[in-house]
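Each of the next two complexes has chain A plus one other chain: chain B in the first, chain C in the second.
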Partner chain A sequence: MPTPTYVAIAKTVLTGTATYVDFDSIPQTYTDLLIVASTRNDAGAGQQSIVVRNNKSAFSSARGLEGNGSAASSNSFANQGSVANSTFTSNTFASSEFYLANYTNTSNHQTSSTTTNENNTTTITTGIRATAAIDSQTVAVTSLRIANSVGSFVSGSRFDLYGIKNS
Partner chain B sequence: MTKPTKLIVDCSTGEQTVVELNDEEIEQLEADRIAAEAQRAEQEAAEAAKAQAKASAEAKLASLGLTPEEIAALTK
Partner chain C sequence: MAAGATYEPIATTTLSGASTWTFSSIPGTYTDLIAIVVVTSTTGNSFHWRFNGDTGNSYSYTVLEGNGSAASSARSSSDTNINIYSGVGTANPSMFRTHIMSYAGSTNKTVLSEAANDKNGSGIVNRLVGLWRNTSAITSITGTTFAGTLTGTATLYGIKAA
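What follows is the complex of A and B.
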């Protein structure tokens, strides 16, 4: 198997709040895409989450596993990753990766994701979530939208988009 | 009232623009919030039911004479 090559396509670090972060005009010259995100939002207590929408389209659901060190479960999720909310220790962020395979295909785009949510305390708030999702679009992915379930991303949240070539 | 905003990153130019959400996006935002809250409530209810069933089962095992250590060995 050839060694994959990661190429930085775009990055942004928020200097204010944003409900959505959109990557538009994504080049169609790679095999897969990877989003690496460090996120915190302004929502209150509760298990807030984020989702990556291919071509900004509605998202159905993802299947995944979630655990926090004392309990683990398997669920359908309305979103994919989790996000640090305003009740978390100041300046802590969740770390997420979203891997979108074969995004130039015109069907069956599969996305896998992992998130760890660090609250910088002795109690693990969300722990880790891993999900798998598929969309039913019949066009190539040319844009991505990263959205919150509730609230907006706050300053300091960072999003990096990489293209991955398999040859 | 100030509308929520989005940051658009144009990958072909690197240009980054902050714009307000349009009416359709704001409607989608509300739908997303409702869906996420419903999913969260469903998950919490399922976990509470599971915990209740576990406690009930452990109590029944204890009434049969099993020690806490024996119950733990069966349930973990």
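What follows is the complex of A and C.
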């Protein structure tokens, strides 16, 4: 059987609220990392976001691209993905994917993310958001923190971490 | 019976001042292909994809991108390649993920691509859809810079449906 190259490293499913979720002691044996997240938070209406912090530190810079069904826009986001907030229909979660390439390198790390956040109505957070974000770290990424810009993730939010190996 | 691996590396190339590279002899045993390219450029220019060495006007693409202050969209028809469009960082590595659907099938080939090219204060994020109007199975993929050279890694993965 071939050696697995797309491996589930860790999984967190919240049973209560949490302001952030950490993945610690990430093995340095993969080439890239992928986080798949299904998220909802307890904040009210507004532009809530989530951010992935490499080694639990803020990234340096990000470009965002958004479409909400009526317009497209671009911003220098302080965050990355969007999140379903408490005004959304019950049991509705946003879906996000964060791809971090060459995380063991000791050069700046680029993360590409896409979030879809649909609620059968137009709000400030619904639609599609894509981001490119870079850190200024010169060390390998050994931990990740997925945090809210405001509020806490609610029960049922899910975070899966995968490792991808190129050989 | 345990399932076999469904996401496998086919080839990895280390680029060191390269202006072109090719993934060749791609087996037709997967469902889709994904190329991951993480590179810096000597000039900041983009690179493009071609399939099976085809240099004809067989390609088209539409891109949606943002630079941190404005969103825009562009397209090209009957082009000679699929331009990943965002440029490449000169100091910071840029990342590109290109998904090629049903590459071994007998339909024209569709590509979805994403670019993460934040340059720490400027840069581009984009999403792109491309088409190669050819019904042949893809057996080779070539990346080529528009100018300058690239340094970094390029990996091709195969994805198998159940």
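Details
In this text, the second predicted complex is superposed on the first by the 155 of 167 C-alpha atoms of A that agree within 3 Å, B and C clash if a C-alpha of one lies under 4 Å from a C-alpha of the other, contacts with A are read in each partner's own complex, and residues count from 1 in each chain.
Note that in this section a contact is a pair of C-beta atoms (placed from the backbone, for glycine too) under 8 Å apart; a residue touches a chain by one contact, two chains touch by 3 or more.
Fair warning: this is a prediction, and the values are worked out from it, not measured in the lab.
Overlay on chain A: chain B and chain C fit together in the combined arrangement. In the superposition on chain A, no contact is made by A:Val154 with either chain B or chain C. Contact with neither chain B nor chain C is seen for A:Ala84 once the two complexes are overlaid on the shared chain. Rounded to the nearest 10, the superposed model shows the Cα centres of chain B and chain C diverging by 100 degrees about the centre of chain A. Within the superposed three-chain model, A:Leu33 lies out of touch with both chain B and chain C [touch as defined at top]. Of the two partner chains, neither chain B nor chain C is touched by A:Ile50.
Of the two partner chains placed by the overlay, only chain C lies in contact with A:Asn102; chain B stays clear of it. In the superposition on chain A, A:Tyr20 makes contact with chain B only, while chain C stays out of contact range.
In the superposed model, A:Ser73 makes contact with both chain B and chain C.
Measuring only between alpha carbons, the smallest separation of chain B from chain C in this overlay is 9 Å.
Looking at chain A, you'll find residues 73, 75-76 touch chain B in one structure and chain C in the other. Across the complex, chain B meets chain A through its residues 4-14, 16, 18, 21, 25, 28-29, 32-33, 35-40, 43, 47. Per the touch definition, chain A reaches chain C in the complex via residues 1-6, 31-32, 60-67, 72-76, 99, 101-102, 105, 107-112, 114, 130-134, 136, 164-167.
Within the complex formed with chain B, the chain A residues making contact are 9-10, 12, 14, 16-27, 46-49, 51, 58, 71, 73, 75-79, 147-150, 152, 159, 161. Those residues of chain C that touch chain A in the shared complex are 2, 4-9, 12, 36, 38, 64-71, 73, 89, 92-95, 97, 114-121, 123-127, 153, 155, 157.
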